[in-house]
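What follows is a set of notes on a single structure, which appears directly below.
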Amino acid sequence: MLFLIIKRILLGLITLFIVSLITFVGTEILPGDACTTYLERQAFGEQLEACYRRLGLNVPAYERYVSWAIGAIQGDFGYSLSGEMPIKEVLGPRIKNSLVLASAAIFIGIPIALILGIITALWRDKLPDVAISTVTIFAMTIPEFISATLLILIIAIWLEWLPGIVIVPTDVSFFELLPNIILPVIAIAMIMTAHMARMVRSSVIQVMASEYVQMAILKGVPYWKMVFTHVLPNALLPAINVVALTIAWLLGGVVVTEVVFNYPGLGRLVIESISNRDLPTVQALAIILASIYVSINLLADLMTLMLNPRLKTLQIRK
Amino acid sequence: MKLDNIYQEEKKSNFTKVSEIIITMASRPSGFIGLSILIFHVILAFISPYIAPYDFKAINPTLMLQAPSAEYWFGTDDLGRDVFTRTILGGRTALTITFFGSLIALLWGGLLGIFCGLVGGKTDDIVMRIVDAFLSIPWILAMLLIVSLLGTSTEVLIPALGFFYGKGIVRVARAATHDVIAKDFIVSARARGHSNFSIIWYEIIPNVRDAILVEGAMRWSWMLLGFSSLSFLGFGVSPPTPDWGLMISNARGLMSFAYWSVIAPIVGLSSLIIGINLTADAFAKALGIDRSTKAPV
Amino acid sequence: MTEIIQKVKNLSIGFKSKKGEEILILRNISTNIKKGETVGIVGESGSGKSTLALAMMGYVKHGLYTIGGECEFNSSNLLKMKNRDLEKIRGRKIAMIPQNAGQALTPNLKIGYQIDEALKLHSDLKEEEREQKISELLNKVRLPSPETIALRYPHELSGGQQQRVAVAMALAGTPDLLLLDEPTTGLDVTTQAHVLELLNFIAKDTGTSMVYVSHDLGAIAQVSDRIIVMYSGEIVLEGPSRDILKKPIHPYTYGLLKSIPKLSLAGLPQSMPGSQPQPGTMQRGCSFFDRCDFSEEKCKSNSPQLEYLEELNTSVRCFNHKSLMNDSQVNQTVNKIKTSLQDKEILNISEVSISYAKQNLLDQVLNRISDDNPTVKDININIKKGETIALVGESGSGKSTILKSIAGLLRTKGGVIKFDQKRNLPSDLKERDPNDLRIIQLIFQNPDESLNPNHTVEEIIAQPLKLYFGLKGEELKKNIKELLQKVRLGEFYMSRYPRQLSGGEKQRVAVARAFAAKPDIILCDEVTSALDVSVQAAVLNLLQQLKEDFGTTYIFVSHDLAVVRAISDRVAVLYQGRLCEVGPSKDVYQFPSHPYTEVLLGAVLEPDPDIKPKLVAEDIVEEKPPQKGCSFQGRCSRILGDICKNEIPPWQITNSGNSIRCHIPLKELQKDQIN
């Protein structure tokens, strides 16, 4: 068991290492370097020299990688060209804001997804299923920027219930942020919830068709008791991993949504630093987003390990 | 007990097989709607240059932000261009780029997945680790980086999209291959001494083809979603080419008083994505594959 | 007359096909289950027997629906009852013991919880009493140390133990009627005999009525008072167990009994032609018409009704039952097998050992396997040309492992496999040349898995022909047609896909594919165990015929001792990857024999109420072979002491040439076994 946990963590770290290599090599083999890319037509003379010194680009690539990696482990990602300050400082409040947004979406989305998924599965092919499934198909397929745009158009512009565009400074306090994040959270949660609800649905349907559920019925276990003790624990276990993958995938959706709502989070930073051709910041973002992805998946793996009796007893048997 | 398969059938040509699948797809209401929408969009993409009432790039300052009228069905945008013309033309680039992108994704993802599934062992471990690493960089960051450094030409977009959306297909193809190679007919072929190539081509591909095709169809809708997000962010099709993502992004600021210029491209894009999605769903069901358990990675 | 506990009246269950037709799974079934009796329902797969058993609990599977009729229990129709009322009957009045307990126990709940759940629902016991009761129940089904078992999860138990837990769970509600759906299918022979014995004990002990559903007449014969025979959704024969097994008056039952191989008879049983019609393909007239030896013109257009014969207390669905009544004593005639044995040895297996242990890094680098206690060890068998040698044993005996090594699919750890006394066959498939690969062909257990579902029969059989002989065009077609003819399939099968064939037909295609390579040796891995009984005999007969025509050598792996008896010239008995006994089959099936062979022979279930299984050894599942000494020491009832635990037993050879590996002298072995 302990061995399995350590193995998963190590695999996660290896993945992150490969990610850092990919981003590093990627930016290395693309035409130009960080300074020429950033400065574009001003890339000559004193300015270029200064930039090179600033980023330490005049040493060989592998040395740069090593020193960058050591810094990154300690939370120091180097110097932001566009922000003209250490990347660490640029990132801090952005991470906080994005976390607020994403976790709100996740905490609202998961319970709704579970309920919808279970309802649609238990009333399979009946009216509740048909109705909810149709809605989820729409919610799932419409891109975030469209749903976000429509939300602004309808709720903010036509109905004037909530502010449409977030106009707050980066280091705003949580309570000031709250009314501003309702629409973005809905936009993100919609697509995620729809995806998860569909997965939960098919997982529950699969378990409902299993022999042990049939056995429980034949044993005389009342319906709802059967659903809660025999069906859900077995149906939700495999769903954990898939849900984790969905959450991780939706990081991309967060970027778009933040742009639509002008929300000061990591996502908008991604666009800003790419528009500004600020490669060091992009590198830092890549590794941070990858870490988030890896940790979410690691968490899901560990949860599965904890909950699955098959894996729990592995140590006794082997 | 198998409740289907009670009908005796003879060997069919590929043509009859394909048409039967299409008929099965269309026999469900959702499949019928999806197929109709998709076919409508494809036909529109082919004929729109010939039926467009106006020049899509003709700027006319005197006609800025006209509300829909008999003359301009969907109104005009901030530069006085006809929204109807731009809307019916707006899906062409997206449809073409994502279609070929999906083909590339299907090819490399499918083949690499089958290869990994068959070979197994260390090669498989290493390749999957690398694929995992690529998976953990959000696609949008990677795409944006590539596009910003290499430009937004079709030659860049198609392979880049194909590459990033093929990763998921690798996993699906690998899993499907794993299921197949455990079967005795593969053991039997190996024991007879068939070459790896012949086993892949003759024994494995026919059995994983359906799963990979369904995955590819699904990738298509996601790729369209991703591509239009790129356009929306200004990293996709370059103006003045009409594109839905770009149109939404441009008209968004003006939607408080000219909502029509947003609504038309929104309807166009949403209907196409839903159409492809419903079609992929019906396709999966017609082939007997459940695709709703898959995560959109 | 005793009290009737469950009354099935004119029950029809079916489903709607894609084309909207109503297709019947059960057709107008009527029968009564009396208090205290055990009724066996026997039929092949697709005969509707499980659907009937489930209907008796008021349960109809998703996709099926009741078309007409009722299942009456305590004078209320279960099929019309509300779920809330059914919950009070299921588990309390009627309980089910499922086919595959491994799948039927909820994986996330402990054994104790699952039994407790049934107790909580169906009794008023307090918590301590329930705990007491769980122990009692687990004791009753003879599980060792009930307290620890109760804390385990289902996957931690062996198949036999899981089945016992399912029995305990069913008994928790003290039901009046127990439904058993193939409760021993999938278990090892010895475990199966033990579970059946337990069920018999429970029937006597508690006096519950039982409905025992199975495809296996052998198992049915051991437990039931009355037998119902089903064929494509109908009852074709119903009556007292002994009469039906000894004097069946329906042609299907008659043919079925004749086609089952028996331990007492060497040689192949007679086969029944064809296979059971699929639901929905039934024509007018008797559904058994196509396969019947006694059919007449009227059977083709008129369906016989179930007719009750007062004097025999039997119901039969046949116009001609009278003609069967006179001479229906099942005088089993067998097709004696011709031995085409030659003196030339074709395959020498010497000192072969195989390991499944994971290699450590050093071993991987040196490309060797180091494992001092390999899964399979010390295998020495010489196989003569034209011989059929059978490898027999329970799951985990290593019989399939040895087959895989001969085929080159699994590397051996040591030892030599020599072909034709001169060529050593490399242990790795990749090092064998095409001819090495051609001379050895495989036929697998399950034709559903061994035939590529996307290839037509033509493409399947063409593969070896193209690979080994480079045949093309017309010649290829001609060869395929010839092969199909050899396995008695018509030309029109060429364009069919495997899913359009019945189980027996699929296995024929697999046989044709193996013979297409013109092999010297064919490895048969449980080739008949996935087939219905009536089809099994036909496939066995076919294999025998082909062997006589081509002079092929068979290495036949099976867990079914009666099948092995029927087809093989020589038998090798394996336990935990070690040989126990090797000899001519007629001698292996006689005493003296190895204590393990004795256990296996004792556990065979014959479709004869007069032959009861003998349970010699405990039914324990061992995970690994012992490090030293005799492989069977853990379960042997005749263990001598330290000598068995420390020393590998010597080979003792009987007068007839039977080799037995045991420390007990032959004379003593024989003495006890005859008693």
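Lettered A, B and C in written order, each chain numbered from 1.
One rule holds in what follows: a residue touches a chain if its C-beta (ideal position, glycine included) is under 8 Å from a C-beta of that chain, and two chains touch if they have at least 3 such contacts.
What you see is a predicted model, and the numbers here were worked out from it, not measured in a lab.
Taking B-C and A-B together, the pair of chains sharing more C-beta contacts is A-B. Of all chains, the one whose mean C-alpha position sits at the greatest distance from that of chain A is C. With centres taken as mean Cα positions, chain C sits 51 Å from chain A. Distance between chain centres (mean CA atoms), chain B to chain C: 48 Å.
Between chain A and chain B, the centres computed from C-alpha atoms are 22 Å apart.
Looking at chain B, one finds that none of its residues touch two or more other chains. Of all residues in chain C, none touches two or more other chains.
Those residues of chain B that touch chain A in the shared complex are 30, 129-130, 132-142, 144-145, 148-150, 221, 225-226, 228-229, 232-233, 235, 245, 248-249, 252, 255-256, 259, 262, 266, 269-270, 273-274, 277-278, 281, 290, 292-297.
Taken in their complex, chain A has these residues touching chain B: 11, 14-16, 18-19, 22-23, 26-27, 30-32, 37, 137-138, 140-146, 149-150, 152-153, 157, 195, 198-199, 201-203, 206, 242-243, 245-246, 248-249, 251-252, 255-256, 259-260, 270-271, 274-275, 277, 282, 285-286, 289-290, 293-294, 297. Note for the complex: chain C touches chain A at residues 54, 57, 59, 62, 83-84, 86-92, 95-96, 98, 100, 103-109, 117-118, 121-122, 153, 155-156, 169, 173. Chain contact summary for the complex, chain A toward chain C: residues 209-223, 229-230, 233-234, 237, 308-310, 313, 317.
Looking at the complex, you find that chain B touches chain C at residues 1, 3-6, 8-11, 183-185, 187-194, 202-203, 206-207.
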